[in-house]
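The data blocks that follow each hold one structure.
Shared between the two complexes below is chain A, which has chain B as its partner in the first and chain C in the second.
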Partner chain A sequence: MKRGIISKIVLGLIFAYLFFPIVATLLFSVATRWSTTILPEGYTLSYYKLLFSSPEFGHALLRTINVSFATVILSILIIIPSMYLAIVYYPRLEKLFEILSILPFAMPGVILAIGLIQMYSRGPLQITNTPWILIGSYFVLILPFMYQATKNSFRTINVKALTEAAMMLGCGKLETFIKIIFPNVLRGVISAALISVSVLFGEFVLANLLVGDNYETIQIYLYKMQKVDGHLANALVASYFMVILLMSLILIWLAFRRETEVRGQKTEAR
Partner chain B sequence: MKNNPVTQLGQELRRGGILWVPFIPLIVFALAFEILPMGYIIYSSIHNSEGLNFQSYTQIFHSKYYVISLKNSLLVSVAVGIIGLFIGTAGALALRSVGEAWREKLLTLVNMTSNFSGVPLAFAYIVLLGVNGLVTVLMKEKMGLDLYGTGFNLFSWTGIVLVYIYFSVPLAFMLMYPAVYALRQDIQEAAQILGASRFHFWRKIGLPILLPSMLGSFTLLFANSLGAYATAYALTNSNNSLVSITIANLVTGDIFPEPSLASALAVIMAGFLVVSIIINEKLKKQGGGIGQ
Partner chain C sequence: MSYVQVVNIDKSFQGRQVLKGIELEIEKGEFVTLLGPSGCGKTTLLRIVAGLERGDGGKVIVNGREIIEGQNKKEQNIGMVFQSYALFPNMTAFENIAFGLKIKKIPTQDIRKQVEEIMDILSISGKENNYPHQMSGGQQQRVALARALVVKPDLLLLDEPLSAVDAKVRESARILIRDVQKKMGITTIFVTHDQLEALVMSDRIVVINAGEVMQYGTPEEIYRRPANKFVAQFIGTYNFLPSSLVGIGDKETEICIRPEHILLVSKDQFPQIGNAEGIKLYGTLENFYILGNTARAEVLVQGRTIIVDHLNRFEGPKFALKEEVGLLIDKKVCTILGR
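Moving on, here comes the complex of A and B:
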C-alpha cells in the first residue's frame, strides 16, 4: 500500500515536471499581463490574431508544409512498394532498410549538413540554399520513422499469404499491391506520415545550416521571432504544441482502433 | 559457399525479375543524401589544399578550443544521460503501480512530450526561467529568492543541462518501460516467498535484469544529447562551446574556409556516436532473453 503511494507521488512529480513548461507556454500565450501572480491577470487571443495575420508567419508555415508534405509523399511512394517487395520477394533486402535506418543515428543533422554542404554547394548539382536539398535530406531523416511505423503494419497482416491468395484468384502483381496490400497497411502508412510530419515541423538544424534565410521554415521564423517579440513567439510555440497534440491524438485513435479490431478478430476466430 | 548471403541475394534477384526497379529511387536517395555525404566527410577530413594528410586531426587535438568543446559535449551528454536515465527509470518503475488502462494513456502523454525539444523547448524555458521569466520573477516576488543572484543562469551550462534533461526524460521513460514491464510483479512475489528481502531482490534479481536495458538506454540518451544542436543554439546563441555548435559555426556564413577541419570534427563526433550505437546493438542481442 505504502509502495503504491510512493509510486504515484513519483509519477505525479514527473508528469508535473514534463507538463509544467507546456501548460505555462499555453497560458502565457493567452495572458494579457502575467508577472507577479500565480495565474495570468487577464486573458486575450490578440497574440494569436497578430500571429495568424502576419504574412511572414503565413509564408514560413506554407514553406514548412510544402517541404514536409512533399518529402512524406515522396517517401511513401518510394518506401512502401519497396518494403512490400522486400518482404515478399527479396527478404535479404530487408537488411538494407535496417542499415539505412540506423545510419542517421551516427549522423545527426549537424554532421550530415557538413557533408551535404560540401557536396552540393558546387559542381553539377548546386542545390544548397534551395528547398530541394531539404527534401533530399528530410527523406533520409524520416526513413527510420517510416520504416519502423510501416514495418509493424506489414507484420500484423500476413503479407505473403495475402499476396499468394490474391494471385491465385487472378490478381496481377501491381493489382495485388494497389488493391489488396496497400489498403491493408494504410493505417500504418498514415501513422508513419503523421510521425514524420511532426518530426519535420520541428526540424531546425538542417533548415538552418543548408538553406537558412533563403527558405525560411517555421522553425527558423520562430528562432528569429523569439528575439523580436516574445509574446508572438510564444503564441507560435503554443500553436506548434497544439498541432503536435492533435497529431498525437490521431495517432492514439489509430492505434486504439487497430487494437480493438485485432482483438475483435481474435475473439471471432475463437 | 552456396549459402552465403550474396549468392542468396543473387538468386532472389533473378527470381524476382524486374521487381527490383522500385528499389532504384530508394538507393539513389540513400546514396545521394546519406551514404555519399558520409564518405565525403571522411574523405574531406583527410584531404586539404596540400593533399591527403591528417593535418586537420592533429590541428584539432592540438587546439585547446576544439579539445574543450569535445570535452564539454562529452561531459554534458554523460551527465544528462545519467540524470535522464535515473528519472526515466524511476518513472517507468512507478508506472507499474497504475492500472493497465491508465498506463497506456500515460505512456502516450510521455511520448507526446518527447516531441517538445529544440527551439520551441529552449524558448519555453526562456519564458519560464529567463532573466525576466515567469518563475524567476515569481520566486523573487513571493519567496524573496533571487535565482540569478544565486549564480543560476539559464544561458549557461546550467541551462543547457537543465533543458537537455527535459528532453531526455521522456525518451528514457519510454526506453526503460519495456524492460521494467518485463520485471513483473510475480517475479518479485516469488522472490519474497522464497525469503528474499526487498534489498536482496533488487540486488540479485531486479538490477541485473534492468542493467542491460539501462546501459542501452544510456547510450541512446548520450548519443541524442551529443548530436543535439537546436536547443543549445537557441538557448545560448552559439556562445557555449559544444562540439555540435562548434562544427556548425565552422560552416555558417557564406565563406567556408576550413571544410577539412569541420569534417574532421564531425568524424570524431560520429566516432563517439558509432561506439555508443555498437554497444547498444550488442546489448540488444544479449538482452534478447528479457521480456518476450
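Moving on, here comes the complex of A and C:
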C-alpha cells in the first residue's frame, strides 16, 4: 500500500516535470500578457492566426516536410532491400550494418556539419546551401533508427525460408521481395519512418550550418521567431509539438498492435 | 532412364565434406526417403535436388531437365514443404495455396477450383480465410503441403515436415501424406531422421551416414538385410554376437539377430522343442520390461546380454528374474555382417 503511494507520487512528479514546460508553452502561446501573475492576464488566438496566415511559416513547414519525407523515402528504398539482401545472400554483411548503424551516434552534429561543408562546398559535388546536402546528411542521421526498427521486423519472420518457399513456387527475386518480404516488414518500416520523420522535424544543427537561410526549415524559422516575438515562437512550438504528438500516437498504436498480434501467434501455436 | 537422377554429387562447407559422390535413381511415382542421423547431409542433398544449393560436383536431373541453382524455378516445377512450413504470414490459407498458381498466371476461376479441390483432399476446407497464425501446427502443415501439391509438381520434396507437430498428429499425417502421394502419383523425396516414419511411408529408403549412401532399398530389405553395421545399428534393434557364440560363420564375422526372432523358453521345456537347425543357448534372465504391445527380456549368455522381444500377450510366459532360461534361434534369421 505504502509503496503504491510512493510510486504514484514519483510518477506524478516526473509527469509534472515533463508536462509543465509544455503546458507553459501552450499557455504562453495563447496569452495576451503574462508577467506578474501566476496565470496569464488574458487569452487570445491571435498569435496562431498570425502564424498560420504568415506565408513564411507555411513555406518553412513545407520545406521541412519535403526534406524529411524525401530522406525517409530514399532511406526506405535503399536500406530495406539492402538488409534483405544481406540477410538472405550475404549474412556476413549484417555485422557491417550493425557497425554502420551505430556510427552516426558517435558523430556530434557540429563535427558532421563542418566535415560536410569542407567536402561539399567546392567541386566536384558542390551541394552546400542546397536541400540535397540536407537529404544526404539526414540519410546518415536516421540510419540507426531505420536500421533498428526494421531489423526487429525482419527478425519476427523467417526471411530465408520465406524467400526459398516463394522461389520454389516460381517467384522471381524482386517479386518475392515485393509480394512476400516487404508486406511482412511493413509495420516495422512504418514505425522506423515515423521515428525518423519526428527526429528530422526537430533537427536544427545540420540545417542551420549546412543550408541556413538558403533553405529555411521549420527549426530555422523558429530560431528566427524567438528573436522577434516569444508568443509567436511558442505558438510555433505548440503547433509542431502537436504534429509530433500525433505521429507518436500513431507509432505507439502500430507498435501495440504488432505486439498483441505476435502474442496472439504464440498462444495459437501452443 | 530414371525419372530423377542424382549423379555423383559432392558438397563441402568450409572444407568439411558433407556429401561424397552421392548416386541415386528414383522412378516416377516413387516415394523415397532420405534417412540418417542429424548432420549426415540429407537436408543438404534435398536442397541440392531443389536447386536451392549448388553441389561442388555432379548433377541432378528431374524429368529430363537438369536442375541448376539460382535459375528461376518456374520451369523446374518442383514442390517443396519446409520444416518450418514457411507459410506467408501476410496471406490467408487460400492465398498461400493459390500463390504458385498465380505465379503461373492461371485464370482466377481455375485457381479457385484447384485450390478448393486440394483443400478438400487434405481436409482443410473451411480454413480458406484463416491466416497462418490462426491455425494449428497440423493445419499449417497441411496448408504447406497443399501449396506444394496444387501446382502438380514433377517432384515433391519434404524436409522433415512432421518434426514440428505432436505425436498423434504426426501419426495421422504420415498416412495422409502417403495416401495423397499415392493418389496423385507424385514422385516424392522425403527427409527424416525418424526410422519408423521412413519404414511406414517409403517405397524405398536411402540410408545416409556422414555424407555417404549406406544402403538404398525397400523398407523390407533395409530392415531384413542391412548392408553394413551402420544400417544394422541405425534401423531397429539388433543383437550383435560373435560367430563363436552361435556357431556359424568364420571367426572374423559378426552375427546379428533381431530381438523378435529369438524365442524365450523355460529351461524345462527346452530339450523337447526346436530342431537340428535351431541354435540353443542357455542364460539367466537379467531384466524384463514392457514396451507396449511388445515386452523385452534381457538375457545374460556367457557374459553377453541378448535382447529378446515378444508380443505382450495376456497369458505370456512368466519368468522370475535371475531364473535360468533357454533361447531358441533359427539359423535362417541370422544375418552375417562382414567386417
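Basically, the second predicted complex is superposed on the first by the 256 of 270 C-alpha atoms of A that agree within 3 Å, B and C clash if a C-alpha of one lies under 4 Å from a C-alpha of the other, contacts with A are read in each partner's own complex, and residues count from 1 in each chain.
Please note the rule applied: a residue touches a chain if its C-beta (ideal position, glycine included) is under 8 Å from a C-beta of that chain, and two chains touch if they have at least 3 such contacts.
Predicted model only: the values in this text are computed from it and were never measured.
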Partner chain in contact with A:P183 - chain B first, chain C second, else both or neither: second
Touched partner set for A:G172, first chain B, second chain C, both or neither: second
Chain C versus chain B, contacts on chain A by residue: B
Which of chain B and chain C A:G115 touches, first, second, both or neither: first
A:E164 touches, of chain B and chain C: first, second, both or neither? second
Parts of chain A lying in touch with chain B, wherever the complex brings them together: 3-4, 6-8, 10-11, 14-15, 17-22, 24-25, 28, 34-36, 38, 78-79, 81-82, 85, 89-93, 96, 100, 102-119, 121, 136-137, 139-140, 143, 173, 198, 202, 204-205, 208-209, 212, 219, 222-223, 226, 230, 233-234, 237, 240-241, 244-245, 248, 251-252
Chain B - residues contacting chain A, complex: 5, 8-9, 12-13, 15-16, 19-20, 22-23, 25-26, 29-30, 32-38, 40-41, 44, 87, 90-91, 93-98, 106, 108-113, 115-121, 123-128, 134, 137-138, 141-142, 166, 169-170, 173, 223, 226-230, 233-234, 244, 247-248, 251-252, 256, 259, 262-263, 266, 269-270, 273-274, 277, 281
In the complex with chain A, residue positions of chain C that touch it: 50, 52, 72-74, 76, 78-80, 82, 84, 86-90, 99-100, 103-104, 133-137, 147-148, 151
Of all residues in chain A, those that touch chain C in their complex: 157-158, 161-162, 164-172, 175, 180, 183-184, 261, 264-265, 268-269
